[in-house]
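As structure tokens, here come the structures.
Same chain, two partners: chain A is paired with chain B first, then with chain C.
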Partner chain A sequence: MAEHAVSHAPAPLGGRLVTPVTVTLAALALAAAVVLAFRFIYGLGAVTNINDGYPWGIWVAYDVVVGSAFACGGYVMALLVYIFNKGEYHPLVRPALLASLFGYTLAGASVIFDLGRYWNFWHILTPGYAQVNSVMFEVAVCISLYILVMWIEFSPAFLDQLGFGGVKKKLSKAMFLFIALGVLLPSMHQSSLGSLLVIFGRQINPLWQAGYLLPLEYLMTAVLLGFAMVVFEATLVSVGFRRPLETALLSKLAKFIWGLLIAYLAVRVGDLLARGALGNAFRFTIEAASFWAEMLCFAIPAWLLAAQARRNNPGKLFAAAVLLMLGGFLLRINGFLVGYETGAGWHYFPALPELVVTIGLIAFEILAYIVLVKILPVLPAQSATH
Partner chain B sequence: MGETIFDLGSGDGIPSTVENRLGISRREFLQFCTAMAATLGLPTGAEAAIAKAIEKARRPSVIWLHFQECTGCTESLLRAEHPTLEKLILDVISLDYHETLMAAAGHQAEAARRSAMQANKGKYVLVVEGAIPTRDNGIYCKIGGQKAVDMVKECAADAAALIAIGSCASWGGMPSTSPNPTGASSVSEVLGKPVLTIPGCPPNPYNFLSTVVHLLTFGKLPELDKLGRPLFAYSRLIHDNCERRAHFDAGRFALEYGDAGHRQGYCLYKLGCKGPETHANCPTILFGDAGAGCWPVGNGHPCIGCTEQGVGFTKPVHELAVLKNVVPPTSYPRVVEEQGHSSFAAAAALAAIAGAAAGGAAMLARNLGKAHEEADVGEKQE
Partner chain C sequence: MDRRDFFKLSLAGGAALAAGPALAREDKVIPTEALGLLYDSTLCIGCKACVAACKEANDMPPEFLPDSGQPYWDMPLDLSGKTLNVIKVYQNGKMEHKDQVQDGYAFIKKSCMHCVDPSCVSACPVAAMQKDPVTGVVSYNKDACIGCRYCVAACPFGVPRFTYDKAIPQISKCQLCRQRWAAGKYSACAEVCPTGATLFGKVSDLKREAARRRALTPGSQTVFPRGRLGGPDESYPGVASKYVDRLYGQTEFGGTQMIMLAGVPFEKLGYPDLPPRSDAARSETLQHGLYRGLVTPLVFLGALTYAARRNVKDEEGKDGSEGDHHG
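Up next, the complex of A and B:
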């Protein structure tokens, strides 16, 4: 802990921007841009496999639903540091916020890629056009606002360099408001992403149709994913940029994760038992297999994180974080695609161009993260540790 | 029929007048009327109406000529119900010559025509059904030894009004279809002047009846377009009032006879429906008095454009119509939607990425754990 106390203030990492890694990432992002150009010229049918039975594909199920949950690092760290007043985690806030910023901004952009008549997207934000009773409306407005709020939250990192020091000072007085919003808004829309499935009723396999518990399950896993993402990203940053591991801080965090994970598993399994839906898990179906994969991804971390010794092991901590991310991913993909049955004959599997866009977006996120931590004060300065 | 129809009159009423005019006994006259009614399939009591109609002085004389045709126009007219044809020919006009309906035959019939023309010179109405062959001096159609081309000129000379009924008389119709071996021509081409035309194959009988009623009521022809067609019937494209139009606008088409779209009553444009380039009131007044939806398109067959020169009997039934007043969208949704497919390349790519990510994460976790254990051992040794 001592080393962090000295090196609390964030500083730019510096170093070369053009490396084999950044070039590869840029190439992947460029490929996505080419596919998107096709999509905007020739329409959704030209590049995706979505159809009348599956009007959304991975651009919604992964890029938006999973992507925004993966981007909950900023949300959970703000929750922890500012709401639960755990100041010792502060060094993790800004890097987490940066990852969230891109995760959410690209999730918002993905919605536009997936809109058939994207030129009408502004309708949902326009009073008179918007259908205020719709869950989709709540999600859209919340995510749009949260993207704005996050840019404001992150702005102290770049306002100085842009020569807006005065603005930064004024902003810092009102920052508590934006931080509060930054915690409120994701709590709203992450739960609403679960609510989206409620109205699909019997089209969703009973294994995932948790009804009024869906918002709670989605919110809990969003928080879990946020924490897992913080562990994942902090570990990768340490390994990738050859910085010392933040295991001490992360293993303390892992204790929170474990508590929440146990609570989530209680809700999830309790709900399945209460609804008598568990029978569906013992059939030879893709849904059942996917269900067990999802449950294992939550159960193994519950064991990994249970003991102090394993939490202190960065390898096991990292494995638990990856499995949790996979579990949250599967929960959402299962709910939105695998367990979503719209009628006989309809099926969906992403087309190659769809995958290229999704991979390109992820590559762009990582690329932007690498570039920005090198030029902006995001990561804690390391002078005292070397 | 109204009650007055059954009133034969009494004393020296109607029949006695006819007795004088036709030079037959009252008994003979009523016997004739009854026989006529039976021949025409008219209900009991109609003989009274016939008696009354024939008694009535000076209804306009109508001469109806048949040339290169199938008599479909007359056939459809026979099935009109409001008014019925017998009402027309008995109450409203005096049909003096009509090859299908007249009782006379041979030279007697031709003589009747000539005497009617003579008696009503400049006052009779001439109706022409069928095209007129003009090749080889018109020898391909003769009636009583007279060539059609001569007969139409002879009859038209002193006619007060001239109606060309059916597509054949209007613009040549089916007989004029290429290669047109007989040189089949329309009435207007033979006479060299515009005439009123009621095209259609067959035309809707009400378009003819309404024209005649208009003529008798107002003493003049209804308003016509530049092809001589009454505007009340031929001013709109079939496409404009078609009951399937909403399907066209929404892009829902039958692509084959009997396919899912056809069974659901989708637009027949892609089967070659000529509604978008054919002027007629078929969708509005339907056909054959058989009830709602009874007209070609309503029954599921594309319009063949029978009223329109250059469309009916000229373009193949399956050929796409020229869209005269609607520009369609550049693309339409499919009638049967694709239900989704997956490609091997995408599955392979996804599997490769998942494998690489899983492998990478597992290796990283293992190395991190190994380093941690080594550090632990190191710490203990220290």
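Up next, the complex of A and C:
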């Protein structure tokens, strides 16, 4: 056991920082920065297609709602390793946490781009302004706190290099508290992201207006997305940095994913049947098509992950992870955009500059991840040189 | 904590969650002195004097029809960041008869309904949208607003609008001309209405007036007040209208302070068929159920802390390398 732990101690990857990949990513991020300059000078309407019928576009539905769910890898790995005491998954924790840290920090920062009166953003955390009945208040407080907690959780990776070894030692004594908070806070705001839709009432197509079950469905899929993201990232890191695949660990993880996926499908389909909402799925509408796409993205992985042989196949495991990510993406985009209807005559599809910002954010996230795993001890070392 | 313990705790937590929404947030009641508007579609002649007066009273810019080639007249087609009140028209077939579904037409006013239990107030995370406890007017404070547009998305009537074309944007919505009250004036739309189709007053008085009109025999002679109820008498003689059997805003969505009568069904006039329970009540029932007194989160946190403490220690023991593996 001791040898196992040593061989998996995180170490910087090293290597060149300027590569064709990092340069491309930096260029995409720069393009987003240019669009954002226009946004702040000329207003949201100058670069987005949002309107009074669709006041929330992809900067909310994707950057925040989907983006933060994609960043749940750190949350679910902490849940598995520290709460369910599955120590063997420990090597996956730190890389997952780094991805989460960036996903959430950028989701939080991107809110500023979307807020019309961004200079007042601090009101939401300030007594006297803060309005506790608002679901958005809960989301904002929990996401802000979680970003802080994640930086603290991740700090052992850089405190040594900054010469704060003493702080690191003290922090390690209290780390269990931050780990507990790091599981509680995402459970709260990931469910609340679903609760945001409750007040939209009949403006949401019955296929997605699950009412009081919305928080449960969004929480379950956030955990699913977190696991899927861990498989996705671990596979890409192995291929991209030419490291051995962690298939044994990942396929064991896939068994958990499968169990949760079946539970989710039972809740989702059970709710649709109980509310008599399924009729909406059998019409020739964009909503119905998007619903079936979403359901397939959950149903196919449910089949793929059901058998041990398929779970052990890295290709099938990766495919299941990608489909789950797409399913979670569709559930959220369907709820917030496709299934949202405020009246006749309103349309929304993201404008090109709007897409450039979202793509640039993702590019920046990947760029930062690549740079940091090269300079900080994040990924498990390959040889036992300690 | 092993998995069995955790599931037990989760079950207890789940039971707490399930019990939560059962304690539904009580329905809001309309303030006794609530102010509002009564709009009678059958009296409206579509002159849009109210649209012009609203712009002037609230200092709102004109809106020109795109592609009209005539940037001279204010011609708003809908509510917007520049328009707080608009008169729309229902049209069918030959448009020969007023207030008739077939081959007819009818006018309808769109402006804030001043809901008894407004979605915008419940949704706003920074209390920029507020409902006055005495008058019930739903007001907007741009100095508090963060511009998140949750109110725009939440309102079932599509009332709050946003100025997307501005670098320093804000929400636009009718506030019942509350800024004019100090000078003894009232809502500009009601003040200028030549037929009394839009009437200002206490909601209790307005409901009485609506009930009186609904009780009249269509075609019989009667008198219609203008301006405001309880103000100087500006009434005029007229002929009683035929109404669809509904006072819109009486029960819809927990009730509203703008109430309406019409000769054609409200769905045709663009007003949704809403349940009596407001979405705000449902949303707050859920939030209070989950977070009241932070009991559920704190219990959950306690269990997580216990588990994390034990498991992190275990790991230190196994590794022998203190504090190096905490994620």
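The definition used in the following text is that the second predicted complex is superposed on the first by the 377 of 386 C-alpha atoms of A that agree within 3 Å, B and C clash if a C-alpha of one lies under 4 Å from a C-alpha of the other, contacts with A are read in each partner's own complex, and residues count from 1 in each chain.
We take it that contacts are C-beta pairs under 8 Å (C-beta built on N, C-alpha and C of every residue); 3 or more make two chains touch, one makes a residue touch a chain.
Not measured: the values here are computed from a predicted model.
Following the overlay on chain A, a clash is recorded for the pair chain B and chain C.
Of the two partner chains placed by superposition, only chain B is touched by A:Val239; chain C is not.
Of the two partner chains placed around the shared chain by superposition, chain B is the only one that A:Ile359 touches, whereas chain C remains out of contact. When the two complexes are overlaid, the chain among chain B and chain C that reaches more residues of chain A is C. Within the superposed three-chain model, A:Ala351 lies in touch with chain B and out of touch with chain C [touch as defined at top].
When the two complexes are overlaid on their common chain A, residue A:Gly53 makes contact with chain B and with chain C alike. Within the superposed three-chain model, A:Gly315 lies in touch with chain B and out of touch with chain C [touch as defined at top]. Applying the stated contact rule after C-alpha superposition, one finds that A:Leu106 touches neither chain B nor chain C. Looking at chain A, you'll find residues 51-53 touch chain B in one structure and chain C in the other. For chain C in complex with chain A, the touching residues are 1-3, 6, 21, 79-81, 119, 122-127, 142-150, 152-154, 156, 158, 161-170, 270, 272, 274, 279-280, 282-284, 286-288, 290-291, 297, 300-301, 304-305, 307-315, 318-327.
Across the complex, chain B is touched by residues 49, 51-54, 235-236, 239, 245, 247, 312-316, 318-319, 322, 345-352, 354-355, 359 of chain A.
Contact residues on chain B toward chain A in their complex (touch as defined above): 337-343, 345-347, 349-350, 353, 361-362, 364-373. Put simply, chain A touches chain C in their complex at residues 1-2, 5-6, 9, 40-46, 48, 50-53, 55-56, 74, 77-78, 81-85, 87, 90, 93-94, 97, 114-118, 120-121, 123-124, 129-131, 133-138, 140, 153-154, 156, 168-169, 171-173, 175-177, 179-181, 183-184, 187-188, 191, 195-196, 198-203, 211-212, 215, 340, 342-343.
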